[in-house]
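Chain lettering (A, B, C, D and E) follows the sequence in which the chains are written, and residue indices restart at 1 in each chain.
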Amino acid sequence: MMEPGLYHILFISAALFFIGVYGFLTRRNLITMLMSIELILNSVNLNFIAFNKYLWPGKMDGLFFVVFIIAIAAAEAAVAIAIIINLYRSHHSIDVVNDEDLKY
Amino acid sequence: MNDIFTLMKSELAVTAIIFLLLLIKIGKGVRNEALLPIIQVLLLINLISGFFFNKEGALFGDMFHTSTLIAFQKNILNLGVYLISLLFTDWLKKSQHMAEFFMLILSALLGMFFMISSGNLLIFFLSLELSTIPVAALANFDLEKKRSSEGAMKMILSSAFSSGILLFGISLMYGATGTISFAEIPAKLDGSSLQVLAFVFLFSAFAFKLSIVPFHLWTADVYEGSPIAVSSFLSVISKGSVAFIFISALYKVFQPMQAVWYNMLVILAVATMIIGNLFALRQQNIKRFLAFSSIAQVGFILVGMSSSDNTGVTAVTYFILIYVFSNLAAFGIASVISEHSGKENIDDYKGLYKTNPFLSWVLALALFSLAGVPPTAGFFGKLFLLTAGAAKGEYWFITIAALNMVISLYYYLRIVRAVFMDKNETPVDKIKLNDSVKLAFIICGAGIVLTGLFSWIFDFIQSLH
Amino acid sequence: MNLLLLLIVPLLTALAVLLSANGRQVKWLSFIGSLAQLALAFILLYTFEEERATGNTAQMLFEQRYPLFQSLNISLHFGVDGISVVMILLTAFVSIAGVLVSWNIEKMTKEFYFLLLLLGLGAYGFFISLDLFILFFFLEISVIPKYLLIGIWGTGRKEYSANKLALMLMGGSALILVGILGLYFVAGHSFDLTEIAKTTIPGNIQMIVFPLLFVGFGVFTALFPLHTWVPDGHSSAPTAGSMFLAGISMKLGGYGCLRVATYLLPEGAKEYANIIIALSAIAILYGAFATMMQKDLKYINAYSSVSHVGFSLLGIGMLTQTAITGALIQMVSHGLMTALFFAVIGMIYDRTHTRMVAEMGGLMKVMPFIATIFFIVGLCSLGLPGLSGFVAEMTVLVGSWQNNDVFHRVATIAAAMSIVVTAVYILRAIARTAMGPIKNAAFLQLKDAAWNEKLAAIILVAGILSIGIAPNWLNELLRPAAEIIMNRIAGK
Amino acid sequence: MMNGSTIIFYLLALQTLTCGLLSVSTRQIFRAAIYLLFSLIGIAGIYFWLQYQFIAAVQIVVYVGGIVVLIIFSIFLTQQAGEKLPKQRLGRKIFSALAVFCAFALTMLQVYQHDFNSPAEAAQPVTVLNIGKNMMSVGDGGYALPFEIISMLLLAAMIGCIVIALRSKPEKT
Amino acid sequence: MPNATIIALIPLLPLAGFVLLGLFGRKVFRNSSGILATVLLLASTVLALYTAYEYFFVYGKVDSIYQKFIPLQLTWLEFYKGLSIDMGIYIDPISVMMLVVVTFVSLMVHIYSLGYMKGEERFPVYYSFLGLFTFSMLGLVLASNIFQIYIFWELVGVSSFLLIGYYYDKPSAVAACKKAFIVTRFADLGFLIGILILSFCSGTLDFQTLIQRLTVPGSSEFNTAVSYSFMGVSAITWGAALVFVGGAGKSAMFPLHIWLPDAMEGPTPVSALIHAATMVVAGVFLVTRLFPVFAITTPNTLVIVGWVGAVSAIFAAIIACTQTDIKRVLAYSTMSQIGYMMFALGVSKYGGEAGLGFTASLFHLFTHAMFKALLFLAAGAVIHYVHSNEMKDMGGLRKQLPITHITFLIACLAIAGVPPFAGFFSKEEILLAAYQNNIAIYYIALITSGLTAFYMFRLYFNIFWSKPYESHGESHHGEGGFVMMLPLVLLAIGAAAAGFIPFGEYVSSDGTPLKSNFHLQFSIAPVVLGLTGIFTAMWLYRSQNDRPAKIAASLNGFYKAAYHKFYIDEVYVFITKKILFNLIGKPAAWFDRNVVDGAVNLTGATTQAISVGIKKIQSGKVQQYAIYFLAGVIVLAALFIYVWK
């Protein structure tokens, strides 16, 4: 164990990122896939903050990036949920396996 | 700051139209039939005004910059949106949410404008999202159709995923260079592996938006599920805008990494052309067919991009201008026929020439232009892309690209054959075209023929650098 | 003479055809238009000769240059030398004949003639272009009309044939495109033929670019083994379509092989000459033997085209001035002859509704005019003196013989052997169709050629005879141009 | 040696990662949402630990208070909360895990190999005042433009959501 | 000096006839076509005779050597400076003599046809073809350029084709004309390559220059021609031999003779003109034209010429003895006689006394033209009368056809070499030449001469004696009127008297007059043999009996083989049908459709198959798409970080 620093945070964020990716790839429920996306975005935020804090503190680029990512995440989630709900209304399922009409 | 009205005039105009529509919608006074012409006129004004008073400059501390070339590129997109408003009149009039449709389309357009003009990664990312999320909502606009929702779902999830990857890339890039400003990045690029990694992440997001193989898989499903108007928007305008920013990002921002992205472009261009073509070969649904064909077209755009000099930029811009005309015409025909007969399969197009010669000729022109057959403009467009790509002297690369033109010709001819040659007991009925649709087709047809023959257009674009 | 006229006249005719009210108007407009083209071609010939007579020895005459796509250094650069003049004449001849034999087209008349005129336009443009880009443009412009002509108005497996033709030709032009782009960058960003001809292109580039260009153009002119679009395409095409296809379009390829590939890339040409010779000698014999087994008249002519065109390519591959001149004469001769051949086949088919040799016989009795023309064209095909085929083949053979080594000799003899095989299949075809007893009683009611068909045939026969009887005018037109090409090859 | 701050950091990291992992692996959707919530809170904690209080606050407000609630609502809207999620094919899971692991390894390798050399520059104090100033300024280092863009985005998203979610029966004409 | 215009008119008048009748024959000259053509040819003949007179008696001889003139030479096609095909007029004794022969025989045929072909539907066409043939033949004769000969050579071939196929609705005629054309074409291939070789060696196509350059040992061209060799044979020998192949084809020499008997399907006057008197001797003419070159070649090409001629002569004579179709008998006799001419050339040398064979050959050519044309025309009269070619339908016709009978007899005597008829003199010279140079050939010739007399009189007796003529009921039109009889009589005069012309005075290998020395003792053997043949024929065929059948039976196998023309036709059929068609043509066509075309189709099918095969990628599963996405990123990153660094 050592003093936590940049690399630790980067590890956490990368791990979280790929946990999210893993979730996105394996979850069958659309809403849980959406949750995975949230994890991904959060891991990115962590990256930005860490870089801003440890490497480039002179400007607040990373910080602002995070702020806007959070906002985007909200908007994206809103639209996604609207679509999912609409889909659910169409055929009462939000299992991604049921959404394979469009293929080949 | 005083420049804001000249430099940002396209963005401001679009914003103004959005708010106007918002007000009208809230006021609830106007029916579709009356509103549509107004919108069309507004868009036309927007388009025309886009040609004047363009100049170079930057705003917001270099977050936003514009030039005559960028203004021209924006106006290509304006033109596309204007054509969409004309082409899909029938569908729009029936829609309950026409005003919303335009608000979302214009928001996306606004996003694209900012994207093309963006001066740093933040603006780029935000505007990319702005140009994506509304379109995802739009994809769901055939509310009663499950396929529409499915398409929208695929689009929003895929693009969220790709945004995640993009952001991860941006964050690494930020970490490795300490800046998000386009102007400052090139000096900081030293070709370290982390930067390459970050660049690949970034690149893949562009690739996703441009439907480059293997990041293209969402494209066909979304195009097929969405309303045709939205598919056409995605395939023409969305793609065009990403291509513009992509090429300027590669040439200006990632110039030091040229060795990397040149090879990447070559590999992906070959893959994209081949896979797009192979998939397009056996499509039955016209929308899906056009989706794959547009993937293949992107492959050709990549060939042009690989040039890394001004000719490349010009060729890509020129090609997209032509692509707007050709692809929108093709989508327009698909829409007209789908609206009037509900038919979307290529087999249903058999014998179309007997009943609808005008539509058939426009379709043929559009397809020939897409295939790159003279005298249509597509020929020049494709040729200049290849010319640009050939500058490096990679004969095998250009040969593959040229041979892919042959494969693509095969499937474009499949439709031509259905329309002109095959017999059909029950062809599509004679369709009486709306005036505005007709106008749009005439504009497209004229564009397809004249853009190529009026060579000064190309020279003009070249002079904008 | 202003060469632009050669583009404007067909273009205006085509537009007028599009705007005309009924089939009658369409036909007459096209006829007048193609008559004007013929007149223009003759005027061009005349002014060209005049100009040469005044001692103007520039390689290209009547040069014109209009900038187009300036930023890429592309310009509409036109100019003609003897070769182009001759090819333009050929195009005019075939065009008018094509218009005339199509007089009875009822289905989509307007479109048909429009496409026909477009094909002619493409050919004129191709032959006068001195800018490779423009040349390529005009080359490609002719592909799709062919596709449509075959696909819409064709017979038999027309879709298949049309597809095959379009794809193979496009494949060829893809290679040409790569080659042209290669030249463009090597020659310092210029597509201009005369400019490129002034530059020395590095040998290693020539080794890459030459095969691309030659094979690409070779597809157009049925270079063995890339000829398979020819039999199917020709046999499925409507009469005028076949005439244009074989009479003009295949010549585009031959012209390109010479003017672009061989002329601009002499080192490449020398390097690959033996392959070209081998392939074309094979094509000559193989095409002839394959023809022997055909039962359908159009297939017979299509395969014989493969064989005859082989002579053109052989002449080019031989790389002597005489052989190249011969190759060019063969192009003209074959253009006229094969157009006439297809016209006759079309006339026969219109009447008997069959093209199967076995089902015919004794047509001499019921349609003496058509049968006589059939005789003439057949004799031309088998190289009878007094008709154009002889002149061409002999010039090629004499030119080929100038190469003094066993390989060239063997190839030449192989090519010469085809004159026997050609005689076999041509006579078989003639004997079984025009001669012998009439097999089908219904044929007794058939009528001989109508005025339009007669006129078409006479125009083409006149062309064949004018070359066959007095070939030197043609020879004198082509030889200086061939000499310039040879000089570049010889490195002078 | 270990001090409090370090311990807290590791605890937060543990919370974040464990909850994240559980969130993508549990078969009960409601629990997944809760795990997500804790994971996000863990991240907020890390922000605090990094002394980015403003971001931490935003994180909690928007994510915990907004998005997760939205997700939970939509879970309720679309299915019974207690129901177990369908199983994914094992092959897919293994393959995904492998791919993800490769990507992760690749990334971390590059990150560790990279020599982050930053010039020692004076840190801009991360105060709400500074953030607010920057947010509203239009010059160099100002973020007014992104702010405007995001506002348009939110507007568009809102319109989109309304249209999609307020789907009405087709009007009878 | 020769007058170019007059000489040029000689071929051009028939050409005018061809063009006029070809274009307007059906409408304008429906009835007058025959007269028109005949008048034009008459004019030609007069001009030819005038030219001959002028040449031989006025200006031709300078220093007692007949000179060669080229009064006209137009460039027709110039390959490069110095090598061009010229259209010219070449006047020397041979060409002048040929002019006379061709125009005269042609005129006879024209006149004869007025009666023979009367009432034919395509009467104008017939005359236009005759005009074309006469033009081509005259052009060939006058040629100054080796390529010019080739051009007219081909034209002669095609007019022969057209005339043989005149009865185009008769399948046998169609087959015959095809065969004639193709076989001669095959031979022409040799001719063509020979021309290429000779012209390449000499750098010219002009006869005079070519001969000059190639026959002067030591000149650079000669050295080239001798030094280049292929398969151990020098280029000049190859060239001459290949040219001879062409000549052999046209002249129906063994084994390229198979077309000649079949060519009898044409109208009989045509056979007389083309396949007896003029075209078939073109081969002989060709060899005489290039004789200096032939003579100088080593190994000597003339040996080949001689042996081919000798074999053809006896071979054809044997077959002729067994044939029953009278025209076929005549055809084989023609072949045999041309064989005579050929070997006469073969045993000759260039210049002076040694050139006896040369003179003899051309002399025989001259006399043969007379009597063979006569034989054919007379046979035509017979056929015209009985409407059959078969001997069995004839017999005892001397009463019905008196004039024909007499003229036919004269011709038979002439060909049999009975003095003092024309054939005797020419044959005599040939035999002498053979005797002096090649004794083996001499004996062959001697036997042939006996056989000739035998089969000719077999023919004569079978037609005019044998059994009494029984009419088949059709109304008979007598012997055929004045127009048919006039040529018979004129030719009979020629056949009887031509031998007295001192031919050697005028025509010889190098232009110097050659005294014909007549050796009485030498001519005993051939005359006796000839008479033996005649009497044998008389014994066998004068009246009907079973002797011929018995003899045929006793010779069984040999007779059958001869009757079937020694199965040469079958060999050809085998070669064409089995080898050309089945072994080359069919595989080529199959290869093209299945392999070459198959490759093209396979490319298409493969593309389609791949397209179907990879459709699973687009599975419709959004997560799978994401996997591809991720995989793409990983691969690209790994590629560019580790591989392409």
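Criterion: a contact is a pair of C-beta atoms (placed from the backbone, for glycine too) under 8 Å apart; a residue touches a chain by one contact, two chains touch by 3 or more.
This is a predicted model, so every value here is computed, not measured.
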_Longest centre-to-centre distance from subunit D, chain (CA-based)_ = E
*Computing the C-alpha centre of each chain, which chain sits at the greatest distance from subunit A?*
E
*Central chain of the complex, centres being mean CA coordinates*: C
_By count of C-beta pairs in contact, the leading pair of chains_ = A-D
*subunit A and subunit B, separation of their C-alpha mean positions in angstrom*: 27
*Where the centres are mean C-alpha positions, what is the separation of subunit A from subunit C, in Å?*
65
*Taking each chain's centre as its mean C-alpha position, how far apart are subunit B and subunit D in Å?*
31
*Using CA atom averages as chain centres, what separation in Å is found between subunit C and subunit D?*
70
*Could you list the positions in subunit A whose residues touch two or more of the other chains?*
10, 17, 20-21, 24-27, 33-34, 50, 55-56, 64, 68, 72, 75-76, 79, 82-84, 86, 97, 99, 101-103
*Specify, in ascending order, the residues of subunit E that touch 2 or more different other chains.*
604, 615, 618, 620, 622-623, 626-627, 630-631, 633, 637, 641
*Touching two or more other chains, which residues of subunit B qualify?*
122, 126, 129, 133, 136-137, 140, 143, 152-154, 157, 161, 172, 175, 178, 193, 197, 220-221, 410
*So, with touch as defined above, which chain pairs make the list?*
A-B, A-D, A-E, B-C, B-D, B-E, C-E, D-E
*Interfacial residue positions of subunit D with respect to subunit A in the complex*: 2, 5-6, 9-10, 13, 16-17, 20-21, 23-25, 29, 32-33, 36, 39-40, 43, 46-47, 50-52, 54-55, 58-59, 62-63, 66-67, 70-71, 74-75, 77-79, 85-88, 92-93, 96-97, 99-101, 103-104, 107-108, 111-112, 116, 118, 121-124, 126, 130-131, 134-135, 141, 143, 146, 150, 153-154, 157-158, 160-161, 164-165, 167
*Within the complex, which stretch of subunit A touches subunit B?*
10, 17, 20-21, 24, 30, 33-34, 37, 40-41, 43-44, 47-48, 50-51, 55-56, 61-62, 64-65, 68-69, 72, 75-76, 79-80, 82-84, 86-87, 90-91, 99, 101-103
*In their complex, what parts of subunit B are in touch with subunit C?*
311, 314, 368, 373-375, 379-380, 383-384, 386-387, 390-391, 393, 395, 398-399, 402-403, 405-406, 409-410, 413, 416-417, 420-422, 455, 458-459, 462-463
*Which part of subunit E faces subunit B closely enough to touch in the complex?*
604, 607-608, 610-612, 614-615, 617-618, 620, 622, 624-626, 628-629, 631-633, 636-637, 640-641, 644-645
*Touching subunit B in the complex: which residues of subunit D?*
106-107, 110-111, 113-116, 118, 138-146, 149-150, 152-153, 155-157, 159-164, 167-168, 170-171
